[in-house]
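The following blocks contain the structures, represented as structure tokens.
Each of the next two complexes has chain A plus one more chain, namely chain B in the first and chain C in the second.
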Partner chain A sequence: MPWRCQGKQGWTMMFNNLIKLPQLIISVFLLVLIAVAWLLQMDMATLFNESLVKLVMNGVLVMSLIPMLNAGVGLNFGLPVGIIGGLLGMCLAVNFRMTGFYGFCMALLFSLAICAALGFIYGLILNRVKGREEIAGTFIGFSFIPFMNFFWTLVPFQNREMLYPIGGQGLRPKISLENYFNHILDNFCVIRLGDLEIPAGLLAFFALLGLFLYWYFHTKVGRAIIATGENEAFSKLSGINISRTRLTAVIISTVIAGVGICVYTQSYGFIQLYDEPLSMAFPAISAILIGGSTGKRAFVFEAVLGTYLLQSIYLLTVPVANQLLIPELTEILRSFITYGIILYALLVRETRRDCR
Partner chain B sequence: MENILQISHLNKSYNGIPALKNVNLSVRAGEIHGLVGANGSGKTTLMNILFGQPVIHETGGYQGEIAFAGRRIEFKNCSQAISCGIGMVHQEFALIPDLTVAENIKLGREHTLAFTDRLLGRQFSYIDNRHDRASSLQALRKLGIELDPDIKIMDLSINLKQFVEIAREIDRTDLRLLILDEPTAVLSQDNSWMLLEILREMSGRGIGILFISHRLEEIQAVCDRVSVLRDGELVARYEKNHIHINQLARDMIGHSVIKAAAGKRKIEARPLITFRKFSVAMPGEEIKNLDLNVYEGEIIGLTSLPGHGKLALGYGMMGLYPVAGEVWFNNERIVRMDAMDNIVKGIYALPDDRQGLGILADQSLENNIVFTANQAKNMFSRSSLFPFLSMLDHRRTVPHVEKMVQDFDIKCASFKQKVRELSGGNQQKVCIARALTAEPRLLFVAEPTRGVDISAREKILSMLIEINRTRNMTIVFASSELDELQRVCDRIAVMVQGKIFKILSPDSPEVDFALALSGETGMDDDV
Partner chain C sequence: MKAKAPLNCYFNHERIVPAVFLVLSFLAWQISGLTGSFVLNQVITRFIRDGLLVLALIIPVVAGMGLNFSITVGAMAIQTSLLLVIAYNIEGVPGILLVMVIGIFLSVLLGYVLGRILNRVKGKEMITTIIIGFFVNSIYQLIFLVGFGTVIPVFNQEIILTRGIGVRNTVDLGMYRNTIDKLWLFSIGEIQIPLFMILIVLLFAGGIYYILHTRFGRQVQAVGSAAETCAVLGIDTDRVRIKVMILSTVLAALGQFIYLQNIGMFDVYTAHLNTGIISCAALLAGGASIKSAKVRQALLGIFLFHTLFIVSPQAGQHLFRNAALGEYFRSFVAYGTIALALIVNVGNENRPIQRK
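So, the complex of A and B:
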């Protein structure tokens, strides 16, 4: 039959679509860093092990952007909303002194419930500012954080490990997870091959989440979300309830963001409260853009690729810059990459709009 | 006369698929050169090359030589083409929706205040809005259109947008070559003839015109020469007085077409849908207090001049615009216009704005065709505990899509191909395939043959007749093509100012239709 796809052409098209300028620049930069690290005789195996942990640690937060992107709600600059839900969930688990896997799972469950509620409200607000969701999301995040700062200082938690040591009132900025679920996923089913340590449990968790998203966007609601993101009027003519579809996407994004911060925190070892969530949206957004998403549609693959590239660079710049340059340069490079990529993506999106 | 445009040995391909093969073409100053071809024959690609659209450059440029006014040119963007004196009227409009009519028409050529000109230079000069409004009003009047130049483009109906697009080019004084890509596709016949008059007058002033149209009678009437493109090759060229419509049609598709026509019959069934004092607030196409019965199993035509409401009925039924009044479907009153409810009840509307509302451009043919049926009626779903989480059953979609592709003769590389990559006519076929897949009892179609070549048009019309006869699907067919309505419909309702003015039989003489369209009461022979 004449309309069957020719395989070879499909592959070249995929290649053209997948490899884009920012990925190229970042990959070259990464290769240079690896070469330098190797020349400086750093422990490559350890760096590789760490890069895998970093991938999942940040990757879940990056994946949380996908549902909102696909629904046409845009890049989720309001990521702190979901993050705060997750933090609250973990605080609850720690407060009730739930430890180990039980503690982690309960933290996830609490986060799920809190984020679903927060996501619902967040989604309602975003539906009212259609077309300006990204800037509105930024400011929802900005205004939610001071409100929560207030909350953290007043919340009547009882566990002394969480409270300020002096005075015993209000939560500490950093709550150690040492006695609860520190590295619980990182150390689950680690496979050792010589110097290499593959955190199989962690990767499996990440893969499951990726599969969930892949499956979800092939279900009926998922396809409705994608269609709404691509052409709202079309979806409306096909009988889709636009507001409800967008709301669903925002809730799912927020819930995954809550899960994401739980995964991040168990790797990091401390629950970081107060102003910390503020700066977490940008590296995540940067990562998905490096992965090749244009900020209109995103795939799981893009999230994984982007996170790995960005986090590996973060990981390598620290030791390399420490040995070769002044240490302060690391932070500068990080910020430059993170914000520069977001700017680049916005530029690309604008030019595409012009072409039409 | 000198050649203002000379194209020699032009080749262009997209991703290795040739779109133009060795095209040689010339346009003389003061000539109207017609260009005809079926959908996907490469007309739009040729226009894009001539106007320096970035898409050409991005996809690897072209081979061959183009000379404009004796000088070799290779445009990298549209502004280079514009500064050379080339103008283009686009098939898909190139207007800025947030600006007003006057601002769009005068964009880049604004009148400025002489004082600030001297003070700040031309680039930073203060725009003289009064002058701009006046001269855009003049350009619109030339087209016979009375339109407030302060309205924003996004509030206009599609045919008025086309006028603004044309007015923008007419208003230019430095124009040497004007390219028109199907300018009459969205216009009514009267308006088209008016446009042709203007083109003739412009060519009299020495402007070369390259005119693309699917309406062959227009080509025959107005062109000095006509070239025929087929599958990217120039297959024929005719001088004036040797242009014959049948010959052109045969050249375009490589064989002759059989015109679709429905057998005449009289439908006296019960009404399937009844409108009472029905109003739709669609900007530029309002329906006000419409009363109409549509009988089960008939094809009823809706026609009107642009802006008189024929397009709004389907949109109103899908809840896209606010409505008022009563609607009875199948003896049951529809209280709330909810697209999902209505699709489930068996009502579906195909939009006239294909690009904007009709397709998911970045998704595959397959997804497009099954989308509505799957979402609204859960067809093609794998069984699942929760229907909203069910996946598509490709074992059922694939044969269905294959059948649709074959029945409608949709030209595509694969049914996984993105709809964006199909030509306009094939996109329209995908739209109709999607509507049929949802199996409605009552189908509203609006301008289904707009921008579609003759063979595809006849295919679409005969498909409409066939589904009406075999599946007993009632069709409300809104179109400005009277000839099509007369061939397909059982009754034709003429609308004036948002109301049904008269319902005529398709056999009524042309003059009755002309009278009714302009709102004049002729002899009383209502059907």
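So, the complex of A and C:
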């Protein structure tokens, strides 16, 4: 009985419920938005250029979810942990006045080290709360943010451009990267074809990361991670150290999240501190779910597809909502789609588990 | 062996957490330099405002569904009915009664839907309730920011933004303010005691205590302790869980009504946002866990948690000359309490399994 349930029926259920419906609705919605944008005579070339930048800007954060999903740790609602590591790395680079490519690479290096350490602790905690990682991760992320607010306020950084103009103590909520590494990847090797601007350097960076993840899950360690996610009891019998494998996956996820926020920030132009990372996990999670991930296993392709769909919708809702004279509509629609998708995925995934 | 270990840790937990909160809030009070009577007055007010919201959490915990973060949904139900009644200019006592009737009707309906949803995600209730809270919030915003004035006709122009669409950020509840708050108001020295409202909160506390000791309450406890035994005993688990969610949502709606009429002003888009987190943290501060909660823990928790909440900004001001640090401290305490409770509880739950 369990075979039949998991085999054919499980697959058809997955296709009927999970892959098709949300993707279909989102794609149709996107097409409608494109049609509206076209009717409103907006500059389609500019929108396309922007959509490519947005894809990479948010895509790395979405990719960071993959290792944890594959290890069976679940959706990483504790994404703020990695994000804060990355922010700290960038703050260090800015504090030492490292500019240009050198600055960006050093920021990546700093965040790599910090995120590895944070990921290690985070992973140890998540191993303790096995089976409830998602809710625990949410609150670990939530509580880490006010904790770091203390740090941002009291940290003795010296660079005046980062501190509050009055008083000279505490970091600003928004630190401009104008003199450091603003748009460093965005403007690297841009190919111009008529109106189209393709940020080749940015896309290459993204592709490199995607290839790394693809390669990683074909190595021995990567395969062990996937095996752990698929069937823990069986993996244990085959001699895989479950706790260590999960820990590795969490560390990699956290490190990539740190890289992700660096990429995001160089596109955005400002380091956003304090409560800003609070709600960053949810759009990333819904992106990977829209891409077709089951919430149990994820592929690089799904992350890319999901991010592109979701970010294009985000991008297009802004001018359309402004045209309708209700600017708040953008934010409302965003959160509606984001949380709706996550809720849907939670429901379908848990129902599917009952079947086993 | 298995039964002994959780009992032991639960025994410790019940005493240590309130003790820590007591020490923390005493220290923070000493540092803040606020007078005892001011703090006590504030705590009594908060006790009335938040009492029912915290009490609404108890029954879902007993039913084994964990912390019900979706009490925000109940809060939004009563806010919806309040805005509807104000929009149609119904004042005075009939207005209040109508708000109650519509609010309770809505929250019964929403509670039923919540129960149905949570029955599909057994074991992942908490993360689902958080996402539901966010999702319903976006629908709520959609209705009041976009729907009011476009689809729904409004007769009270005072609450509508100047552009004619959407409700203002704050709505005055002048017509309902201080209707029941000032009943039986006693003063002992500088301390004011609104006896009527305290009695109402205690009445509900008694009611929940009574419900937990009726036949229904026994069923709830059975559902919470072991679902398998329930099937043997012939208890319909799903039905009980739906009833629990309806009860919790209705209580939350009534609690939010008390909260709003006590404040007298109504932040349409933000009043409900933190109710879930703050109430859950208050319940845990009283020594409850995600597995067990008692009425007295809820009442104790409100006192302890809100004392800390009131004094910490001033304490931050005095200790670091920066009130913002106190704000960070209290959000850290709110999120951190929940995170810690989850880590400790789930960790203890997992331990016997891992030893095997």
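Everything below uses one rule, namely that the second predicted complex is superposed on the first by the 336 of 356 C-alpha atoms of A that agree within 3 Å, B and C clash if a C-alpha of one lies under 4 Å from a C-alpha of the other, contacts with A are read in each partner's own complex, and residues count from 1 in each chain.
Everything that follows uses one rule, which is that contacts are C-beta pairs under 8 Å (C-beta built on N, C-alpha and C of every residue); 3 or more make two chains touch, one makes a residue touch a chain.
Note that the coordinates shown come from a computational prediction; the quantities given were computed from them, not determined experimentally.
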Exercise for the section: For A:L237, decide between first (touching chain B), second (touching chain C), both and neither. Expected result: first
Practice task
Check the residue A:F282 against both partner chains and state whether it touches chain B (first), chain C (second), both, or neither.
Solution key: second
Practice task
Check the residue A:M68 against both partner chains and state whether it touches chain B (first), chain C (second), both, or neither.
Solution key: neither
Handout entry: Partner chain(s) touched by A:L213 [first = chain B, second = chain C, both, neither]
Key = neither
Problem - Contacts of A:I290 with chain B and chain C, given as first, second, both or neither - result: neither
Exercise for the section: Name the contact category of A:S335: first (chain B only), second (chain C only), both, or neither. Expected result: second
Exercise for the section: For A:A224, select first, second, both or neither according to whether it touches chain B, chain C, the two together, or no partner. Expected result: first
Exercise for the section: Using the superposition on chain A described above, determine whether A:I140 touches chain B (first), chain C (second), both, or neither. Expected result: second
Completion exercise
Between chain B and chain C, the one with more contact residues on chain A is chain C
Fill in the blank from the handout: The shared contact residues of chain A with chain B and chain C are none
Completion exercise
Residue set of chain A touching chain B in the complex reads 1, 3-6, 9, 12-13, 215, 218-221, 223-224, 226-227, 230-231, 233-234, 236-241, 297, 355
Completion exercise
Contacts from chain A onto chain C in the complex sit at residues 77, 125, 128-132, 134-136, 138-140, 142-143, 145-147, 149-150, 153-154, 170, 282, 325-326, 328-329, 332, 335-336, 339-340, 342-343, 346-347, 350-351
Practice task
Under the touch definition given earlier, write down the residues of chain B that touch chain A in their complex.
Solution key: 15-16, 54-55, 318-320, 338-344, 349, 351, 356-363, 367, 371-372, 374-376, 378, 381, 387-392, 402, 405, 412-417
Exercise for the section: Using the touch definition up top, name the residues of chain C that touch chain A in the complex. Expected result: 66, 117, 120-124, 126-128, 130-132, 134-135, 137-139, 141-142, 145-146, 163, 165-166, 277, 320, 322, 324-325, 328-329, 331-332, 335-336, 338-339, 342-343, 346-347, 350
